[in-house]
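Can you keep this structure in mind? I'll have questions shortly.
The chains carry the letters A, B, C and D, assigned in the order they are written, with residues numbered from 1 in each.
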Amino acid sequence: MGAAVDTPSDIRPEERMAAALAALILDPAAPPARHIAVGAASPIPAAACWLVRKSGHPVRLSLLHKPSGNPFTAGTRELFDLTGQGRIDLFFLGGGQIDGQANINLIGTGDWPGRAARFPGSFGSAFMYLMANRTILFREEHSPRVMVPRVDHISAPGVSAPGVFRRGHAQALVTGRSVFRFDPARARFTLASAHPAESAASIRAATGFDYDAPDPVPATADPTPDQLALLRGPVCDEMLETYPEFCRRVFGRSATEAAA
Amino acid sequence: MPILPLDRLAVLVPDGALLALPPDNSLTPAEFARALVRAGARNLRLLGVPVSGYATDLLIGAGCVASVQSSGVSLGEAGFAPRFSAALKAGTIAMTDATCPAIHTMLQAAEKGVPFMPLRGVLGSDILAHRADWKVIDNPFAAGGGDPIVLLPALSPDIAAFHAMMADTEGNVYVGRRHELATIAHAARRSLVTVERIYDGNLLEDERLAAGTISATYVEAVAVAERGAWPAALLDAYSADPAHYAEYARLAKTEDGFRTYLDRYVRRAAAEAAE
Amino acid sequence: MPILPLDRLAVLVPDGALLALPPDNSLTPAEFARALVRAGARNLRLLGVPVSGYATDLLIGAGCVASVQSSGVSLGEAGFAPRFSAALKAGTIAMTDATCPAIHTMLQAAEKGVPFMPLRGVLGSDILAHRADWKVIDNPFAAGGGDPIVLLPALSPDIAAFHAMMADTEGNVYVGRRHELATIAHAARRSLVTVERIYDGNLLEDERLAAGTISATYVEAVAVAERGAWPAALLDAYSADPAHYAEYARLAKTEDGFRTYLDRYVRRAAAEAAE
Amino acid sequence: MGAAVDTPSDIRPEERMAAALAALILDPAAPPARHIAVGAASPIPAAACWLVRKSGHPVRLSLLHKPSGNPFTAGTRELFDLTGQGRIDLFFLGGGQIDGQANINLIGTGDWPGRAARFPGSFGSAFMYLMANRTILFREEHSPRVMVPRVDHISAPGVSAPGVFRRGHAQALVTGRSVFRFDPARARFTLASAHPAESAASIRAATGFDYDAPDPVPATADPTPDQLALLRGPVCDEMLETYPEFCRRVFGRSATEAAA
């Protein structure tokens, strides 16, 4: 066991993001999240979804990269088909760059296709962002190089031209420093809360794009002790197979321990 | 349908072939990629279905690759794909970006024998702006028009390669729940398949196994390659090897380190096997 | 996902529903059709995927059907479908003719969430001339144009019904190699499934069974109906009953004979079960 | 055992048609038939294909309605996809009506959709006829009501307008009386052979459409004793499961006998 996670008061940033994501998933003002899909390399959203489910909410989870027992029999294609059918209520997307219109860039910086710095690529974002009923954006790093005025390349657009078939938009953006809400009608973010040790000014300094902010800025709620216990216990149990490295780093647990 | 030694399977891939590869979580033909390196494959045009990982990075590092079309190239939890990133920076490979469902759709069009298929979404993405081969039309079924939709051309890989659980002597191959592999095989002109083992019987005559079987109709040749997906996982047969991914990611950061990796895991393995 | 008695499953089909049914050789829900007759279903719009047989003829004969869309209606070796033919002649049902791959394609478009899909062939067939909902465009990918191609609209049945081998308590259902059933379930708004038995465990967590399993995501409710495909075959579980088909074909030649069939095999069976 | 089929000289009409079809399948002037598909309710073509295979030709057979051990995992959809891919070299089609341009009608007669007499429907013909590399037409009944000047409705057209994507056409038409060859360039049949007991005049009288004919008209070859032995033995063995009624009627054998 890692000594760093022994006490509930010692909240890891990933745990805070997971709890913030869980609150957004359950937001009563948003359309219901009956079926949530989580893409590749998304351990924090996966943790948030398991937290929602282990908290007793009967949500259907489709975890794309769960090696065994996943719900699909045609791999990622079934996820995209499900989303095309309108059956995926919520998806998560990150971004190498994210701008104030909620455009995301997973391609790279500099000349196409990322001559300055190449990111892994757009994966399903160009489809999912338009076809899922809603999307929550997340990115741990909250800095001017990630949160930019305008992305170098658009993997998936935050808003679409009139007439373009689109089911949903970004509901919010969760980072290592704060939570933003997104209003697609205005194509603009509003700061919703700042994590502990952050302030209106520190968020403004870390963010390259313009946004609205209330005064004062509310503090992001801590995960409750129950939530922390769920995250470190049953949530981690579910994630060990898919995200062994994440579980080791955040929860101090290893897959071999679980298997033993 | 012949069952060949692995090195004989690798030489069936001609230089310049459009080679479709599934990603690391879906029957990736990792050992086949190592055999292609040993065989000195050249100018391959790789297609990630729909994304790319270890096998693609390895082939790029070994100088086997002219171009990549994919929706993402990464080593998963082990991070970015180092040889891909270096080659892209050096300009030694051409990159065509796509988005996952577009690659599935282009293969489904080939599977169905139609010249194109539509896909929702994608509009407003710069991927579309860089794809001269993708078209936007006004949905002919929308009353009043004004409903743009993307049309994607059929894409038939010259060769699909993947690592299945088993093959029978007819050439039927078992991929279990990974039905998307069937679409790759259907869309490709030829499929080359490595397997863990040969099944004694006809996979299509066992109702349980038939559900996860791709017909020999689509399979040109098979080779046995035990643990042939390693370091990736294979269904419920074995798990991924994160330590090896980490070692690869570390070594492949540099050209020299990558050479060390090749000597240690690609070339030496073959030399030992030949002894 | 509830497991219901069969008669409770049947009443989930509202009058007027567009109901997709697989044919006699592919998990046809024959006992469910008999339950629909007993439940007094009305004005059903049946979709044969891609053709129709016993269940469709039975429902037509019992007065449950307003229209049929199919690529063929027959009893196989037992001959033409007598109640279908009689109803068509009497003008009591509307018939929309299709061709098999067109029905598959319309469902695949719904499965994929696109408004249409193209299909080769069909041009020059009078089927096309009678389908105002099918369009012909010039293939936008043909250099120079002059390559007409048919576009088919997405078709989402209100309900898909089929008889699977088994279901688990999550609602996952096992259809084995009949993957086309997955497309029907994906395309339909709701799927109602009868099964031979309940499987103890999670079908998707067994790699072998997962390959032939449709996820509960698509399944609204399940009922157990032993030998529920009879008189049709069910995978390797049981064979078709040609003698019963012949008896049905003979009786259903006349309205009176059909009433005898209903009394003997549809209504009496229920009365006996209720005792 | 049925007494009617005990001697090779007692050739059943179905056996003659199967042998004639087999000869056409193997016609060296036609493109190779590496992969042949046989649709529903086609026992005579199925017998012909098995005869070719049991004669030692390594042809791949995809039998659509074989209940077990068939090559497909997506039912008929896989057949149509295979054909779309160009992988099906040969298919067979029948017709409630067949006309001199090789149009086939599986819809019915009288007003659409078959108010006078309804046939079962077009099945996959509207696709297969254009997309298979070649097609052999077959119909046991050879009479003016089947072989018509012009079909009432076209399920699938014998020839297509210039520019229409089409891979193949009818190679021939095999009936209970004769064999015709079809020339798509001229959209016209030529009588190739007449079965025993038929003549140029009897074929002309039984055929509602116009066609060319050589003089004299060759006789359709009898199945050889080897072919008859194959048909009644190993070919019937393969077909019992799918076509029990056909096997009983033509070969005098029953599935229960085979299972016993």
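Throughout what follows, contacts are C-beta pairs under 8 Å (C-beta built on N, C-alpha and C of every residue); 3 or more make two chains touch, one makes a residue touch a chain.
It should be emphasised that the depicted structure is a prediction, and the values quoted were computed from it without experimental measurement.
Q: Which chains lie in contact with each of chain A and chain C?
A: B
Q: Treat touching chains as neighbours and tell me the shortest step distance from chain B to chain D.
A: Shortest path length, in steps: 1.
Q: If you average the Cα atoms of chain A and of chain B to get two centres, how far apart are those centres in Å?
A: It comes to 28 Å between the two C-alpha centres.
Q: Which integer distance in Å separates the CA centroid of chain A from that of chain D?
A: So the centroids are 60 Å from each other.
Q: Could you put a whole-Å number on the gap between the CA centroids of chain B and chain C?
A: From the centre of chain B to the centre of chain C is 36 Å.
Q: Would you pick out the residues of chain C that each touch at least 2 other chains?
A: 112-114, 119-120, 147, 149, 177, 179, 204, 207, 210-211, 213, 235-236
Q: Among the residues of chain D, which ones contact at least 2 other chains?
A: 68, 72-73, 78, 84, 131, in rising order.
Q: With chains as vertices and touches as edges, which is it: line, ring, star, complete or other?
A: Per interface graph, the chains form some other shape.
Q: Just spell out which pairs of chains touch, all of them.
A: Inter-chain contacts occur between A-B, A-C, B-C, B-D, C-D.
Q: Where on chain A does chain B make contact in their complex?
A: 40-41, 65, 67-68, 72-78, 80, 84, 106-107, 112-115, 118-131, 153-157, 160-161, 163-165, 241, 243-246
Q: Which positions of chain B touch chain A when the two form their complex?
A: 25-26, 50-51, 70-74, 76-77, 80-81, 84-85, 88-89, 95, 97-102, 104, 119-128, 130, 146-149, 177-180, 183, 233, 235-236, 239-240, 242
Q: Any idea which chain B residues touch chain D in the complex?
A: Contacts found on chain B: 110-114, 182, 186-187, 202, 204-205, 207, 210-211, 213-215, 217.
Q: Touching chain B in the complex: which residues of chain D?
A: That would be residues 35, 60, 62, 68-73, 78, 81-87, 131 of chain D.
Q: If we count contacts the way the header does, which residues on chain B are in touch with chain C in the complex?
A: Contacts found on chain B: 105, 108, 112-120, 135, 137, 139-142, 147, 149, 151, 153, 175-177, 179, 204, 207-213, 235-236.
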